[in-house]
């Protein structure tokens, strides 16, 4: 790897912020990532020079804005190797994307007794929408369990998937960092006649994504976790499925015609994009995709693998049995997201002490309560790294943890 | 910025003001309907296909000068032509409008004639949909006729 | 009015753009408005110095971002005189806000034979969601007709509303500019035991809004039409209704607890805000509300009334019977949005010639096809004015129209 | 930026490490449950109310030092106190946490005592919810007991 990752830091203005005289150590990227100047400038410049509504008005300014908006769609499509740009639907976040799948594909295809398969490591966004539909329709939800080192336990998967209509799973755990074998899981789903819905929130920002290689049916992810703006998420869907499912939200742009007695739908992707879209946000997302692509997703994965290795070693060698890191310690099976318990200090208290050092971590259930119950914890501390983080920030984390330990064990 | 004269060639305005083949045909002629949700343009194409030849064609609907003149010019160009040749012309026209359909270069044996005047539309991307509307509707009509 | 509105133009950088050497005459604000530096700078500065996830992590940066996000909610609440900030729910646009009402209140309250009352001047966003639910449930939709000058025809309203469960109507038509008597309409709805849903997309940006004075039950509007960013919309709802209706999208943030066998909902407003929210967009919206408030909504209405008066006079005196302006010519009953037919030139062709003059108008059905059918038109030209427009831009519109007339009537 | 010592006063850490009144009570004692969805803190308050007096109180659950010590200090402060006086204390405590409930100044006749130590929490707005959790749960328990 020839890229100098520490020089990337300068691209992210927030990282230069000092709070209380201390430099920011931002270790909460699994929650939401910081944005590079390339993204901020693209948005600012669009707002200053080019803002206009898209896909409606025909004057030059609006046509140009539409080109930028649709250009972002094409960029996202190539980023995940989608066969067609019109398979990329912009939503407000990944949560809406997953709800869209449940409320369109799910509503059209699931009835009483049908089986939905999820895993024990899902984020609430990939649980609650299914629970809502299952409760309405009387569907059964089955859960793929985990091994003791936080991997999916596939020993019984054929039984779990037998008769299932859909297998919806995360590509990477936002708590454990576990990277799941997406391609294999899609094949398993298909073998049993189920569709495969992939929650790519944690994987798409951190490694290569190829929906054709996955042979996935749907993929949901969020711009704000991949150095892009908030306010926009992405659903990719297989063309044939998007064509056949009913629309989601009703309104302008998603219709071909509206009469007093009913409406007809627009073509893809308009069918799923009701109302005025996150226009500036799409422009920013396009810039984010360009930024990540220029660095190269394999390089990013490589950098984070190094960081993960360093962090695992530093945390365990400095704190030994005082720290319990959940999940796998095989660097090939995990990303650079670490949830842990530290001594008997409550995660909220740990994060409070860390905040005094300007080390930003998340303490809580990470929107994955079923997994937390499995871990036997109400909360964990989570430090999550991204392309702009460095090994010296791992050291800063360790130093701050040391302080937390001292403070609470007088 | 391209000027208005690139878009509104004289012959286009002529077809707009005096549209050819306006009207309807009774069944067994087929009827196909197309519309552009963006601007509300609507077009109906009526086709009488006999022995693989478009023996008659009529156009109804309303819309902007580009969609209407494109429809009028199209009707004049395809009337009396064999379906095979018309399909090639559709492909060629869409190619001129820079709409890719992943196939190789279109068959250029069918002359575009007056249709060439619509070339300027390409410089006004938002109007391409107007120009192509009639052609997509024609293609749908041919599907119906061969079904 | 002491404010000098023409000096406001300098606050909006896009308005200084020239295309092809000609200054921009932006008359498409009913579609989406331009943004002042105050909004652009608030967003840029937030992204450069303060970006962090909200309502999840507890470190200083995140707590500050949460304060800004929740601060925006409070600003919006006072802007519309909502009793409580937690009655303000952020959505992705007004369309989602209306769909939310239909899918939560509607799903919980409407069954076969129940009556939904809409008007002939609604935007698709306030038609299609109701049609979707009505088709599923077997509800009846009734339509309030219009008078020949484009006002709601209330002569038969008691019959239309009798037995109705909901009356959902726009406060101002996006095609005709008609300003509806919202307070009176809410009272009529309540008299018949129906709830009143107000589509405030076109009114909130242009005049004072007071949900308590209206006595409305729900109000939906969009940030991007009120000098705020794209990617965020607003639903205000009466506390008691928001409390009793089911949630909309499922996922993180909207839950109190999630177990394998079900979930419980968070308190307001979290219940309706699933997933990562449009954070930067909320900050921008807060700045937009500050900007508009500093000018004063009554001053804006006054300015637009003057513009509307000038435009009506200029268009009719210059073009006489060559122009047909739809809707009312009583300046007290309409805003500064004008839809018209010009000679027999197709609206698309009119807008093309106008674009050559860099005069930006919308040509089309304006997402109001039922109304267009009523007007007997497939499309109209629409010029819509906002606080930054001037009388000389009315003149520019007239000059450009003159050219369109010349061009098409050789 | 306020320092850690503002938040974690010694008496708070003491209550955290040696929580008072831990345990449960059997019915007819009432049980109220509260949790903080943000950080996962959970608290159970068991109340025995006899003749308008909190004759016994027990606390279960788990959470951070602030939520646990606040619960422990609360239990010590209200045990044996008349319900009326406890309600006033709840109001006074929330007022100290700068939670407005639109009523006028709270009754200050009930002394805060050790609870005063939690005052520093106000400087850490995200922790206010932790400190208040037990008190909201207590209020709910009182509702149940009087129902």
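In order of appearance the chains are A, B, C and D, and numbering begins at 1 in each one.
Keep this in mind: a residue touches a chain if its C-beta (ideal position, glycine included) is under 8 Å from a C-beta of that chain, and two chains touch if they have at least 3 such contacts.
None of the values given here were measured: they were computed from a predicted structure.
A comparison of the C-D and A-D interfaces places the larger number of contacting C-beta pairs at A-D. Mean C-alpha positions place chain C and chain D at a centre distance of 45 Å.
Note: centroid distance chain B to chain C, computed from Cα atoms, is 38 Å. In this assembly, the C-alpha centroid of chain B lies 76 Å from the C-alpha centroid of chain D. Along chain A, residues 19-20, 56, 58, 60, 255, 257, 348, 352, 363-364, 369 each make contact with two or more other chains. For chain B, the set of residues that touch two or more other chains comprises 1, 38-39, 127. Taken pairwise by the contact criterion, the protein chains fit none of the simple patterns, being neither a path, a ring, a star nor fully connected.
Interchain contacts (touch definition given at top) occur between A-B, A-C, A-D, B-C, C-D.
Interface residues of chain D facing chain C in the complex, by the touch rule stated above, are 1, 35, 37-39, 125-127. Chain contact summary for the complex, chain A toward chain C: residues 13-14, 17, 19-20, 24, 26, 28, 31-32, 34-35, 39-40, 43-44, 47-53, 56-62, 91-96, 98-99, 102, 123-125, 127-129, 131-132, 135, 141, 143, 222, 224, 229-233, 247, 249-255, 257-260, 262-263, 274-281, 348, 351-352, 354-355, 358-364, 367, 369-370, 373. If you check the complex, the residues on chain A that touch chain D are 19-20, 346-349, 352-353, 356, 363-365, 369, 372, 378-379, 407-408, 410.
Residues of chain C that touch chain D in their complex: 55-56, 58, 60, 63, 66-67, 255-257, 266, 270. Within the complex, the chain B residues that touch chain C are 1, 3-4, 7-8, 13, 38-42, 62-66, 68, 124, 127, 130.
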